[in-house]
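As written, the chain order gives the labels A, B, C and D, with residue 1 at the start of each chain.
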Amino acid sequence: MEVEDLYNSMIVSRSRAPEFSGVVADETNHAEGNNPLCGDRVRLTLRCEDGLIAEAAHQTRGCAICIASADILAEAVAGQAVRNALQMADQFVLMFENEDAGGVLPGNLQIFLPLRQHRARIRCATLPWIALKEALAHDAE
Amino acid sequence: MEVEDLYNSMIVSRSRAPEFSGVVADETNHAEGNNPLCGDRVRLTLRCEDGLIAEAAHQTRGCAICIASADILAEAVAGQAVRNALQMADQFVLMFENEDAGGVLPGNLQIFLPLRQHRARIRCATLPWIALKEALAHDAE
Amino acid sequence: MSSVVTLPDVTAIRAQFPILSEKVHGRDLVFLDSAASAQKPVAVIDAMSDVMRTQYANIHRGLHWMSERTTEAYEAVRGKVAGFLGAPSREEIIFTRNSTEAINLVAYSFGSLLKLGQAVLVSAMEHHANLVPWQMLRDRSGIDLRIIPITENGDLDYDALEQMLGAGDVALVAVTHMSNVIGGMVDARRVADLAHASGAKVLFDGSQAVVHRKVDVQQIDADFYTFTGHKLYGPTGIGVLWARRELLEAMPPFMGGGDMISTVTFEKSTWAPVPHKFEAGTPAIVETIGLGAAIDWVESIGFDAITAHEKQLVDHAARVLPEVPGLRVIGNPEDRGGVFSFVMKDIHPHDMATLLDRNGVAIRAGHHCAEPLMQHLGLTATARASFAIYTTEAEVDALVSALIRIRDFFV
Amino acid sequence: MSSVVTLPDVTAIRAQFPILSEKVHGRDLVFLDSAASAQKPVAVIDAMSDVMRTQYANIHRGLHWMSERTTEAYEAVRGKVAGFLGAPSREEIIFTRNSTEAINLVAYSFGSLLKLGQAVLVSAMEHHANLVPWQMLRDRSGIDLRIIPITENGDLDYDALEQMLGAGDVALVAVTHMSNVIGGMVDARRVADLAHASGAKVLFDGSQAVVHRKVDVQQIDADFYTFTGHKLYGPTGIGVLWARRELLEAMPPFMGGGDMISTVTFEKSTWAPVPHKFEAGTPAIVETIGLGAAIDWVESIGFDAITAHEKQLVDHAARVLPEVPGLRVIGNPEDRGGVFSFVMKDIHPHDMATLLDRNGVAIRAGHHCAEPLMQHLGLTATARASFAIYTTEAEVDALVSALIRIRDFFV
């Protein structure tokens, strides 16, 4: 069985019991990501303060990869400058095209890298990050 | 050069100088055959008397095979009982499917037999005979 | 009346499919996605290469040897398809790209003869190919489009159909002959009898059905029938529409161009006789010849053997799939072709598909181009395993044990 | 600016076409009917077999290895075609069955946006594929269809076009980029400039042109461009429509079904983004990959070499064809691709074709799906010899000497 090499145990555990699911209090930003092809849907809420993301949460319906990715996103961006978070989003999307691009990311974001061999699933992992970029589209200016 | 085995010299000579081209006097029957695919057109006129075809003539625009076939038809059916002429028409069409069917036909109708190897051209030879059947459709009843 | 049917020699059959010896992620390929598209036997692959290597030219109107021979080979397939479908005449066979185009052809051409106030019925379990063209026709021409419900088990609701036909304004009932999601066969003759009793025509989308059962369009009293070559072990790019001659003759052409005309002037064109009226331009010549090879190949095995083999597989799968904890098979149709859709508690179908693939097992996951059916079932996606003549019980077992391991890993 | 172009090694090229070593009526095949459909190099034949032998499944939405790999191979061809045509984006490339379907797609979809009182212009030398769809649109929707005349030499009459555009009501100019009968290239950029100056869009039927010349849709400022795979040494069953993205986005879908939707409910469907909006159902997957191989193959030879070889052949044929007593070449276009139509005094083109075939020489005879042009020329048929990258001067000579012998026999 070669499940472990693809679905890191963190993907499994965080998809089964997400730690950041829900809606943040006093949300300042939000966005929704939809993949009509597979029915994945992510609703992301953020509270930003002084150019920092104070808190993030998600409501996700979808596959394990999408849920885990949203949950790990919420953890990873909390406390980050908006600018940094947007950079992380770009790097995250890029790493599936170019392995090196992932190098600067925290290790728990790199666990999605084996999806490079399953291209059709990459969008499951990137959907929350695309929603993040949309949620922050106005703050970035 | 393998022209002779396909285009019998009679086909060439009768297409170049048809002997029965024109319109019969006092025509009793006529029909037109058209092949929109190649532009062949035969107008056949007959004078029938007492169940016999007294005279036949044709006006043909088309390829050598069609012109020769119309001309040889006009010669072959003159003096024949309508019933016989119709049988000849059937045999003529049939001989391209079944070689033996041609056996009962006069030799100058069998010169078209090599067209079996050039199926797309068979309709050039049969067009006048199909027109004949149409011209005689009412007499046959 | 009972007769002994010899099961086909699946090992010998598998040897004719080169792709089945390929490895995927280092594992033997277990291909359970044949309902999406079947693999091709060497007979089909070679028929196509041989044409291109030794005997090819554009067809119709060509007066040279290559063209005449290729025309004969192409036109011979019309006769084969007519025989395959039990159609009364080869001239009722129209070649299209696929089933989708065949249905669109009917929706455009026959559809243009329908009048405001008339209705088309489709079922709740149609593939998008037999729904969207009718929605587009509705939006173009104002006809009514109504949905025949399905039962709890996933069969067509014949009683509801009968009632809906009572309205008296139905021009066409267009339903699948076999569901690509639930796997159930539709009782086509029953649908046709009901439809005809109220003056409606019937179209059957046979894309799945022809792969699994002997179809005879006269026996089921169909008016239109469609199928697609690539699911029948044939090439991509070739499909079939059969329709009754009088319908085809009354219908205007769909596409215009070469080969479908009788004469053309700048002012006006007249149409060639059927079937050519509906085949504009250079057809998929090589693919049509490949379809002929596929039909020969399928008929050499024979539908008795195909159906017997499938029944064995379906019975086996129905027994072993429920051994997977938390697995639920969707639907329980009266008469199932070789297709199972299922879901698992707490594991999304897409995760199943990816993890199965990791083990060499190819299944499909998603809405299977039947989104409205998914909404009806309250699901966004299912996993689907589908069987072909080359499928073995061992492959079904491989699916089941991989699912159990995935389950253990996940839960 | 002059540069030395190396002529291609035609002997080596011929060795890549298995069919060219076939015999016909015991003679070497001299295939001069490539404008109807070209023969296929092993690179194309093998690319198709290889897919079916080692890496095949239905594409899009598949989450398993075979499906993902096949999807990548299929979608990669879109990029290749975009490069081949100089299109700005791969998403503007739509796969169809052939050129005929590509033009019908435009006539149905773009055509549905035209309004009563608007006009479409086509030329007097169109293939039926670029005339009949517009007649059908005219009869459906009441737009006007007008014919751009051609000159004595068989070139498009640009002055007449300019005048006709003066009417101000022209929505689309749809013309061939190269005549399949006369062989003349159309100055596409000039047509586009004239059309655009009066607010009309332009469609070029590139079915013949892409085989003979490097085409760049941006350089010629086209709005729509079509071609067909089987004339470009590629498979049957695959063609291409390119159009500007903003046009494709404004146009409604042509056919409905799987893969062309974004979401579907019983009530309403929404469309996928271009190009998928226009590709309903399972596409001609294997044939698309075969087209990719054909484009790679053509580009490996390169259009400099192709054009140089063709110019040599055309010059040669223009010199030797008139040696046949009584032979008249139809038209004398400014810039001829490798196509010659001709007639002979007292010998019908069909007799020529059959007797040439008897000598192994394959040409086409008839109206070449351009009946209105025939009427314009006052002919019912012509004979046509057409050249490909594998054609040799010796083959042109074989045609000429066979024609002389036929003439001697007949006259």
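One rule holds in what follows: a contact is a pair of C-beta atoms (placed from the backbone, for glycine too) under 8 Å apart; a residue touches a chain by one contact, two chains touch by 3 or more.
Here the structure is a predicted model, which is why all the values come from computation and not from measurement.
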TODO: Work out which chains are contact partners of both subunit B and subunit D.
DONE: C
Task: Centroid comparison with subunit C (C-alpha atoms), farthest chain - done: B
TODO: Report the inter-chain centroid distance for subunit A and subunit D in whole angstrom, where each centroid is the mean of the CA atoms.
DONE: 48
Open item on the list: Between subunit A and subunit B, what distance separates the C-alpha centroids? Give it in angstrom.
Closed with: 82
TODO: Could you put a whole-Å number on the gap between the CA centroids of subunit A and subunit C?
DONE: 39
Open item on the list: If I count partner chains per residue in subunit A, which residues reach a count of at least 2?
Closed with: 37, 118, 121
Task: Sites on subunit C at which at least two other chains make contact - done: 25, 61-63, 67, 263, 350, 354, 357, 365-366
- [ ] Have a look at which chains touch which and call the overall pattern line, ring, star, complete or other.
- [x] other
TODO: For this structure, give each pair of chains that are touching.
DONE: A-C, A-D, B-C, B-D, C-D
Task: For the subunit D and subunit C complex, residues of the former touching the latter - done: 18-19, 22, 24-25, 29, 31, 33, 36-37, 39-40, 44-45, 48-49, 52-58, 61-67, 97-101, 103-104, 107, 124, 127-129, 131-133, 135-136, 147, 228, 230, 235-238, 253, 255-261, 263-266, 268-269, 280-287, 350, 353-354, 356-357, 361-366, 369, 371-372, 375
TODO: Note which residues of subunit D are touching subunit B in the complex, please.
DONE: 25, 346-351, 354-355, 357-359, 365-367, 380-381, 402, 405-406, 409-411
Open item on the list: For a test of understanding, state which residues of subunit C touch subunit B in their complex under the given definition.
Closed with: 61-63, 67-68, 71-72, 262-263
Open item on the list: Considering only the defined contacts, which subunit A positions touch subunit D in the complex?
Closed with: 36-37, 118-121
Open item on the list: Applying the document's contact rule, which stretches of subunit B touch subunit D when the two form their complex?
Closed with: 1-4, 6-7, 12, 16, 37-39, 61-65, 117-118, 121, 124
